[in-house]
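Paired with subunit B in one complex and with subunit C in the other, subunit A is shared by the two complexes that follow.
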Partner chain A sequence: MSSTPLAIETHDVRRIYKIRGGKRKGEAKTLIALDGVSLEVPRGELFGLLGPNGAGKTTLIKILATLLLPSSGTAKVDGLDVTTQTQEVRRRISMVSGGETSGFGLLTVEENLWMFARFYGLDNKTIKSRLAEMMQMVGIYDRRSTKISDLSTGLRQKMNFIRGFISDPSVVFLDEPTLGLDVTAARDVRGFVKDWMAQNPDRTLLLTTHYMAEADELCDRLAIIDRGKTLICDTPENLKRRLQSETIFHLKIQPLRKPTSPENVVEAVPGVRSVTIADQTDFSELRLSLQGEEALPAVLSHLSGRGSGLLSLEKREPTLEDVFIQLVGRRLDEDTNLNGTGEER
Partner chain B sequence: MTAFKTTSPPAAKATGATLFWRTMWARAYPRIVGSLIRERSWLFFETVLPLAATVSYVFVYQAVGAPEEYVGFVVLGGAMTAFWLNILWAMASQLYWDKEGGNLEIYVLSPGPLMAILLGMAVGGFVMTVTRAAIILIVCSLAFSVTYTISSVPLLIAIFVLTMIALYGMGMMFAAVFLASGREAWHLANLLQEPIYLASGFYFPVRALGFWVAAASSLIPLTLGMDGMRQLLFAGDATLGFLSVEVEAIILLILSVFFLAAARFMLTKLEEIGRREGRLIERRR
Partner chain C sequence: MTTLSPVRPEGERPMGFADRLLSLPFVQRSDALRSFILGAWLGWQIESNWADPLLFAVYSFARPIASVMILVVMYSVITDGATQQPIFAYIYLGNALYIIVGGVLGGISWAVIDDREHYRTAKQLYTSPLVGYAYLCGRGAARLLIGAISTIIVTVFGVLLFGIPITIGSIDLPFLIASIMLGLTSLSGLGLIIGAISFQLGRNAWQAGELISGALYLFTGALFPLDILPPVLREIGLIFPATYWLEAMRRALLGTNMIGFPTFAALDNTAIAFILLIMSVGLWVSAAFVYRWSMRQAREKGVIDLETNY
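On to the complex of A and B.
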């Protein structure tokens, strides 16, 4: 790690929830949301937490944002302990979540943003000038007098972004900020994030997402998190470089029948390193990681011998999703579900 | 979006009393603007419904030939129902609504004190309700020719102010209690709405319930507040009062301090529990 001061620092953070539903009446069942997460994010970095739903990303961001206490371990923001120096931390941070519905529907965009800015102690003159600038930047200046109950999801999220950034925070937490947005609105949001970081090189941004492309496009570094643990932490380029010795193909084939014997599974074909299969209505999607291209004919022959004709084939450069599959053994869009261990999320 | 480039200087953020003041008025704003400008339909429903109940009680008293001052008692009680409804539905239940709407998380995340948020809700709620109460009082007083003989204006103002402070302090405390209870807030509000009309003597002198019931009901500030105001508004009817006005003023003062302190304590506890258990502050998705 460089000598740049750390904006975010966690050491062995665990978060365990007690939930109802134990085997006996009144018995508490535990749920391990975070299991010893240690991270260091230097000031000025756009850091990503990438993982499936239920991986523990939001829990970590809420601990850092002082909304939750860790069960054990320490977490610091701007050098301040989030457990004991809560007020000082809150003066420095802000958070925007995807699908956020905060605000009062009967107030206008401008009024809601004024209200939230006052919660941070900003004076009216500062609010007025910053609001006008930021509303123009995100393209909602002409909607400033619209009641927020009349805004679309995309416009509402742009307003949320202004709320998050108007207080001039040192550290910003973005929790799935493009969740539920259409392509254009999501691109606008990503553009805003990139521009803000470029204009404020001393500020830090922690982003959680389960969109690979978003993490790849935005993050200086990212950690892949699953079942409450950080699996790896590096730049997107370095993570993808790990897979350059592999050859990755994406295949669409006619629906694959369930294998009847071990030798029928695709993994059994020589040269196949890993396979993930996603069954769709009319076809199956295979993501193949091979030792080399020479292994492909055997795979196709294997599939054809089991009645699954090839519909399309594409060779791909490694992506973060491939990194995730290599590390976790399943696709990112498959939610985390732990069964039978009492460690469900 | 265009490129991000602000020309305004870094935001200077107030702390301490200034932050408290700004947070309080910011949270009061939606209520004041909402009730006076944006949602005038609120005014109609929150005025007409208590007005209808008040009128029906007046007719009952007139039909049974009750003393004339009873009409005044009912009119005052009817006006005060607006405050009770506001406490239940717009104070006690509000943090629960705010949690469901996603605002509670923003309140907790911001440096603005939660006590200032609640006080802002109370100030906004008071402004919102005082207009309804005034309309009910004026309309009914004119319609039924109620005669007021005020024995002490300063004491009347003092009793009203203390009643409001204690009442909204209780509402602030209830806001934390309702949220902590984990139940649907409207069930609790429903549970408390009608029984208090009876226990606090909204439409009759609370003394009629007997000393011990009236004493227990005095925990609700409106009980003593209405009793004191009735004694001061209808001179010569102190015999119908529960306690002397001076004693009632002292008790209301104690209740004010108690409820505000309890609200502050409950809020601190609520935030602690919320952060520890992670289920009070976060909204259900």
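On to the complex of A and C.
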């Protein structure tokens, strides 16, 4: 294909959900899950979506995977419109959600994968060789004749993960693929993703994750999205480079007695750009972003003046997490869903 | 047919027959045919997946026979054992055949909710290039197969024990084949419409097909000729394909032993077949529209992979 169309292209995609069961009767409540998202992902790219809970990542993936229609805007996969050319899009894509432990429990692993491969029109020989290879790669080959209902959730997840690749799709959507997997299994999955991408330069993969390290390790480029809007889109290196002018320290301190929030207190110190704090049981973890190292002594004396002793201090290179905090204003594990609306699923 | 152990022995591939069908070149090229065959294969795995084969036999054979026996007993008490009357064969066959009506209508709409709410695989299915209506018909076909086996057993039982007058000579084979094909086409069209609408509904739609076939049972002439009903209620039966199908099947099986009940006495076999044909076409055209509309609605509302929470 000479004039390669973009693998994924969205233009000003908005998605509005109607919320059932509003407080007062007759009141039509709506929620804007996506608020004008425009993305361009060329073929061959491993693209990441980062965002806090409720940011709209799953909604975007569902639109691209033809499960959901955008309320306005256009979305294309492989140059095909997801709204109108549904069947053609489905031939080329696959979607796997992390924590997806569902399946036809009465089928064996092999039968289930065979069935899905057949939906895509693969022939028997291809199915057999591909299945055996993929099952071996993620380590469920020796469980291929086990019924799905008798698998552990992690193994089911691995099976569903393979299902996403069995048809050799040109675009794969992975929604939090390592969610709930143990460390080794998550590493297997990441390894699989990298190998799969390396095998063919035309393959494209879009993934969402809550793990910054995973995004950093895997993604060629990533977009940070919050409240339905893309805040930025760049390579992990460029994103981190934005923060070169900042100096980042991690502090462990004795817990602050709080009449006022410690963040506010420290933020008032001159030279401090931003502070986040995570309270552990017997200490507090502070992440400080300073204009320069010279601002540190003032912060430390401020803390000790408030009766909080320093337990440890560490200077750090900027990470994606720091980029995220700078842009979104809070850590990834803090929730967007302040309006307390319906849960997904 | 069923495996008791969770692990299937090596080499035993239950997808063998389906695999051969799917390997035919024209099947491999057609999304719809593949979807139908896989739907039927999956449906059969589900329908025959009884941990206990005995339970499976009870459910598929003993239960239908038992429910027909209840009718037989009631009939005998009321008529003082007049099983030789033509009305007995009429009722007996009507009920044996109605198992299939429930199977086709129920099987298709059940599959929609079953995939979405029970197996939670709707997301996986409807992002793959399966052809939804073909797949659902396949799932319905598996249910139909089990229903048909029940119907045959109940019918044979009736011939042997109660002298239902079906003989080699009484069967009008060409008309029987035409009736079966037209009946299944029209009923599956109706089943698809119910299935398509089920996409819009939550878990409550679980039994939509069974409910509708159950509600229409009294109006189809399965239990008594329509003439007994007041004219207004009779109309309900006359717009439902099962009514004509039951009539056609009785005529095809009983031949001249079938004494014309007044409802359709004015219609000959060709006319009945023609009505079924028109209904089949009408229902399938409607089903195509309703299915497309419903899928679009479902994508708009985001309910393809809906899982009802309680």
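Everything below uses one rule, namely that the second predicted complex is superposed on the first by the 323 of 345 C-alpha atoms of A that agree within 3 Å, B and C clash if a C-alpha of one lies under 4 Å from a C-alpha of the other, contacts with A are read in each partner's own complex, and residues count from 1 in each chain.
The working rule: contacts are C-beta pairs under 8 Å (C-beta built on N, C-alpha and C of every residue); 3 or more make two chains touch, one makes a residue touch a chain.
The model shown is predicted, which means the values in this text are computed figures rather than measured ones.
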Clash or fit, subunit B versus subunit C on superposed subunit A: clash
First, second, both or neither for A:166, with subunit B first and subunit C second: first
Partner chain in contact with A:106 - subunit B first, subunit C second, else both or neither: both
Which superposed partner A:198 touches (first subunit B, second subunit C, both, neither): first
Contacts of A:130 with subunit B and subunit C, given as first, second, both or neither: first
Partner contacting more residues of subunit A (subunit B vs subunit C): B
First (subunit B), second (subunit C), both or neither touched by A:145: second
Which superposed partner A:245 touches (first subunit B, second subunit C, both, neither): neither
Those residues of subunit A which subunit B touches in one complex and subunit C touches in the other: 17-18, 62, 65-69, 87, 90-91, 93-95, 100, 102-104, 106-107, 111, 114-116, 118-121, 123, 147, 163, 167
Residue ranges of subunit A touching subunit B (in the complex, touch as defined): 15, 17-18, 59, 62, 65-69, 87, 90-91, 93-95, 99-104, 106-107, 111, 114-116, 118-123, 126, 129-130, 133-134, 136-139, 147, 158, 163, 166-168, 188, 191-192, 195-196, 198-199
Residues on subunit C engaged by subunit A in the complex (per definition of touch): 6-10, 14-15, 19, 22-23, 28-29, 31, 34-35, 38, 41-42, 45-46, 49, 119-121, 123-131, 296, 299-302, 304-305, 307, 309
Contact footprint of subunit C on subunit A as seen in their complex: 17-18, 62, 65-69, 87, 90-91, 93-95, 97, 100, 102-108, 111, 114-116, 118-121, 123-124, 145-147, 149-150, 160, 163, 167, 345
Residue ranges of subunit B touching subunit A (in the complex, touch as defined): 1-15, 18-19, 22-23, 25-27, 29-30, 33-34, 38-39, 101-103, 105-112, 117, 274-278, 281-282, 285
